[in-house]
Amino acid sequence: MAERVGIVAVAQTKYHPNRADVNEGELVYEAIKQVLDETGLVYADKGKGIDATITCSQDMWDGRTISNLGVMSYVGAHLADEDKVCEDSINALYCAMARILSGHHDIVLVAAHCKESQANKSIVENAAFDPIFLRLLGLDFLAAAAMQATRYMHRYGITAEQCAKVAVKNRGNAKNNPFAQESLNITIEDVLSSVTLASPIRLLDSKPISDGACAMILARESKAKKLASKPVWILGASNCYETHYPGYRELADCDALVKAARKAYSMAGITSPLRQIDVAEISEEYSYQELLWMEGLGLCQRGEAGKLIDAGVTKMGGQLPVNPCGGMLSGKPTVVAGMANVAEAVLQLRGEAGKRQVPKAKVALAHGVTGICGQHQAVIILGRN
Amino acid sequence: MANRVAIVGIGQTFHKSKRPDVNQAEMANEAVRAALTDAQLGSKDIEAVVSSNMEPFEGVYLPDHWMASEMAACGKSGFKVATGGTSGASAVVEAFHLIASGLASTSLVVGFQKHDTGDTQAGMTACMTPVFGSGATTGAISEFANQALVYMEKSGAKEEHAAMVRLKADRGACRNPYAQLKLGLKGVEEILSSGYLEWPIRILDFCPQTCGACALVLASEEIAGKITRKPVWIADTITVHQEPFRAGSFGDPTGLETYSQDVASTKLYKRNGITNPRKDIDMAEIYEPSTWEEMMHYEHYHFCDENEGWKLIEKGITAIEGEFPVNPSGGVLSTNPIGATPVIRVAEAALQIRGDAGEHQVTRDVKTAVATALGGCNWTTMILLRRSL
Amino acid sequence: MEKEPTQEYIQVKIDTPRPYRWSTGKYLGKLYKEARDRKKLVTNRCTKCKELVYPPQMVCGRCKVEAGQDWVEMSDKGTVVQYTYLIFPRWDPHRGEYYSSPYPSATVLLDSGLYLRSRLEEQDTKKLKRGMRVQAVWKEKGRGRGQDDIEYFRTIEELEVGK
Amino acid sequence: MTKKLEELEAFVVEGKVAIPATYSAGTVGSRFLIEMRDNKRIMGMRCSKCGIVYVPPRSTCESCFDKLDEWVEVSDTGTILTYTVACQPSPVLPAEPPVIYGIIRLDGAGTGFVHMLGEVKSEELRVGMRVKAVFKEERTASVLDIKYFRPLK
């Protein structure tokens, strides 16, 4: 059996609505500098430092072909190994994990950035739709998500109040997270009376525009134990695609997530996720998604996530706190969000999550999603032991 | 100990300048089907799909999502990578690691580019944002033009040598059923009378724009042993990126620069006991967007000494029947669907090892081959293939 | 694979431009400020390798360390190292139109040691030669676009110094 | 040697990336669009193995990966599977908001068809509502040759 892969350092920028004061490189370096300082690592050849870098960014958000050109100096790519993954950044971690498990690399730096503020969200997202049958309709991820929300609520009787509870919970949790972009003291009524963006999704059901970066260092077990006093281990990881055309899918289910989770759980030896997982960080660009993805993750039966939020299972102090950091709803950029979830999970497992610490967290779940109505889903299970 | 990884399926489209009969997804699907057929596997046998494409060329964000079904990716693991021209090689590298790590036992690599959709040169120009100034964004052709000028002066190569590279490429392309440009050129004079794109790059010195896709099926040793008698083993891979050169991205009039090709090949050869590349490797498929680039790459990959690249072409050493054949497929000069181009390099090198290259099978018995890719600002990825490990 | 030519194939044309608000970042911002306010090109010298970092950047990509703030003012004169000129107009993605600059593009080695990609005023390609001496001509109006505040380099009559 | 570090300020450069694109609908997509343009017919593709009828049509079966070539005409009426009312202005919307989107399972189809809904008040919308395609007078072989789907009276 191969050595396990450990996460030895994590860093995030504070998420912000507009980081016009820095370019992409300077932004990502804010996070990278921290992980380099923390581990004392330098960029070097095999055996002496970082063996490879996996970056994650999107040309469409950066407005630049080969977006990694903008960060290459800051990630130590000169005369070194670098690759760029173009999905949510949690997949860059998966890629880095493969590099280590393959035995070819010992220490890999992973860095992701996105400045949503510098592009137009609708135009970028519209470009993801099939240009022949969908794009001219003027869809963006919001409109598609809204149709998924309608379908999900219709099919399983999920209510707008239950979705609003997610928004209230996460925005409240954000008060305890120094990296969160914003925290709000809001009520269910505030959510339900906020302006409708695309029914049933309202302003407070959705995430704000956000800029930020995240960096991490992964290492094989023997190295990880030397590099960090509290390494966190990747126990399981997987990802999965499903079909593109939203009309071909049952949007109220999320088969890709079911498959990704099943694989990650089997690697991690998890048979009863709600009982075995202590804290979960789930990417919810819109409030309904936290509920729908919980079902896909098998944290409850299909259609039962509303009951969990009603019962307070996912709040701080509940059986399985979900998004103690405040989630995407409190401001995390697309692309970066999945890695930020892993970073938060690592802090939880190290017991370094400050006021948002979930007591005695030993196993954590981090989730990342890319594309239209969760077309590409990824799950990583992390553990302290 | 890492799992061994073999290429067990190879498929590509017929490459053309325009493909109105298929959308991008259907085009990729042709290559995927061909690779699965070659591997004698069904779509359900694939566990992971790694794809490569540069989004601003076709203006599709997350094209792997649009094309997921056609790439047999639904219900499978996978992701897309993009590193410029090397994207396809990056996809091979990551798919290789997925199997070597045990995270998957079979994986599909899909590279594609549909050039009749957008404007490739414009897409490349957009690799600099306007914050750096428009003087800096002269596009790829200018880069290669500058580089050619530097190389001519430094090495003593003449335009005739560039023409010989095209002639060699064309001879290969005419024997390769999948190649795009098949000109049937008779001699260098014909090439030397073609017009200039940008001094001193002639139209025939440069690669075409292509619609095409290429797919590979990679498998673990266990699976490969069950399904094929002719596995091609991925012995090693290496990626080396670098900072832009002081005086532009590709040409180096300063003589100060270290080339990523040099660093990558030196490391790769050392790790794999290759002391004399032209002897220890039997053929190469390299990424040469221009004729001049091919001659320079001979030197940077240590196929010959410095300033002697043009002599290899002059002496016919790199011809199909030569001592060390390079790009018998016709290479990038004949076919260039950028996202797929490095995958084609690997595919063609693997076909040579299998002895399945048909009319463009080289004379030399190919046991070891190397495939290279060029991207970003002179970034390199190399993949070393062997008939047996 | 060939389809009969009579088949009608539909093409969907989409030309929505994608707007962006790119940030220069802090270091390149310094160049922008000096170019706009003083018609000077500045960049930082890496405190480790002592080489000019260009465009100015917080990190020296070659040394892989923070480059520091040793700001150096570039001379506005230099020598043409390489040049090339467009024969076909090309699509400029940042203008959204075919663009054919009449000005040849050159790599100029500034006397202060920096290789700079810029345009040459001289449009007669027969008069272009490597080693020719040139001087930056700054835009009088509309500065604030960094290196683009230099309109082009004009040919100057002078002996090559120090070469 | 320690120099006082300068406070540096970034500039913001406003601009765009504009590369026009021409997407090939391909053999299957073209036939679908041409049938709508010329005959106001909505065509689907049936997988003879799985029996699924795809609308819009596709050349590869989602389920069994077989090549598909069995064209079938489906009805221009169908049932709403889901919908949304996009209320806020956006540069990509084809009309002034509100724009209503829906996924409609056309009679005879096995999948949902994504399009717009019209001649209906937002509060009347419901999953399961019966709707019918309204074609434009001037048709150009585009997915927008259908103006929208309106409720069946």
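Here the chain labels run A, B, C and D in written order, and each chain numbers its own residues starting at 1.
Definition applied: contacts are C-beta pairs under 8 Å (C-beta built on N, C-alpha and C of every residue); 3 or more make two chains touch, one makes a residue touch a chain.
The structure presented is a predicted model; accordingly, all values stated were derived computationally and were not measured.
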Task: Graph distance between chain C and chain D, where chains that touch are linked - done: 1
Open item on the list: Going by the touch criterion stated earlier, list every chain that contacts chain A and also contacts chain D.
Closed with: B, C
Open item on the list: Among all chains, whose Cα centre is located farthest from the one for chain C?
Closed with: D
Task: Distance between the centres, which are taken as Cα means, of chain C and chain B, whole angstrom - done: 29
Task: Distance between the centres, which are taken as Cα means, of chain B and chain A, whole angstrom - done: 34
Open item on the list: What's the distance between the Cα centroids of chain B and chain D, rounded to whole Å?
Closed with: 36
TODO: Indicate the residues of chain A shared as contacts by at least two other chains.
DONE: 20-23, 60, 63, 72-73, 77-78, 120, 123-124, 126-127, 131-132, 136, 243
Task: Sites on chain D at which at least two other chains make contact - done: 9-13, 15, 17, 19-27, 29, 33, 62, 91-92, 142
TODO: Hunt down the residues of chain B that sit against at least two other chains at once, touch-wise.
DONE: 20-21, 23, 56-57, 59, 69, 74, 119, 122-123, 126, 129-131, 243
Open item on the list: Chain contact topology under the given definition, line, ring, star, complete or other?
Closed with: complete
Open item on the list: With touch defined as at the start, can you tell me which chain A residues reach chain B in the complex?
Closed with: 2, 23, 52, 58-60, 62-66, 68-70, 72-73, 77-87, 91, 94-95, 97-104, 124-125, 127-132, 237-244, 255-256, 259-260, 263, 370-372, 375-376
- [ ] Could you pull out which chain C residues touch chain A in their complex?
- [x] 12, 14, 16, 18-28, 57-62, 64
Task: Touching residues (chain side chain D, partner chain B) in the complex - done: 11, 13, 15, 17, 19-29, 58-60, 62, 65, 67
TODO: Spell out the residues on chain A that touch chain C in their complex, using ranges where they run on.
DONE: 19-23, 25-26, 29, 42-43, 60, 63, 72-74, 76-78, 115, 117-120, 123-124, 126-127, 131-132, 135-136
Task: chain D residues touching chain A - in the complex, by the definition given at the top - done: 9-10, 12, 15, 17, 21, 23, 25-26, 29, 33, 54-56, 62, 81-88, 90-95, 99, 101-104, 111-116, 122, 127, 142-144
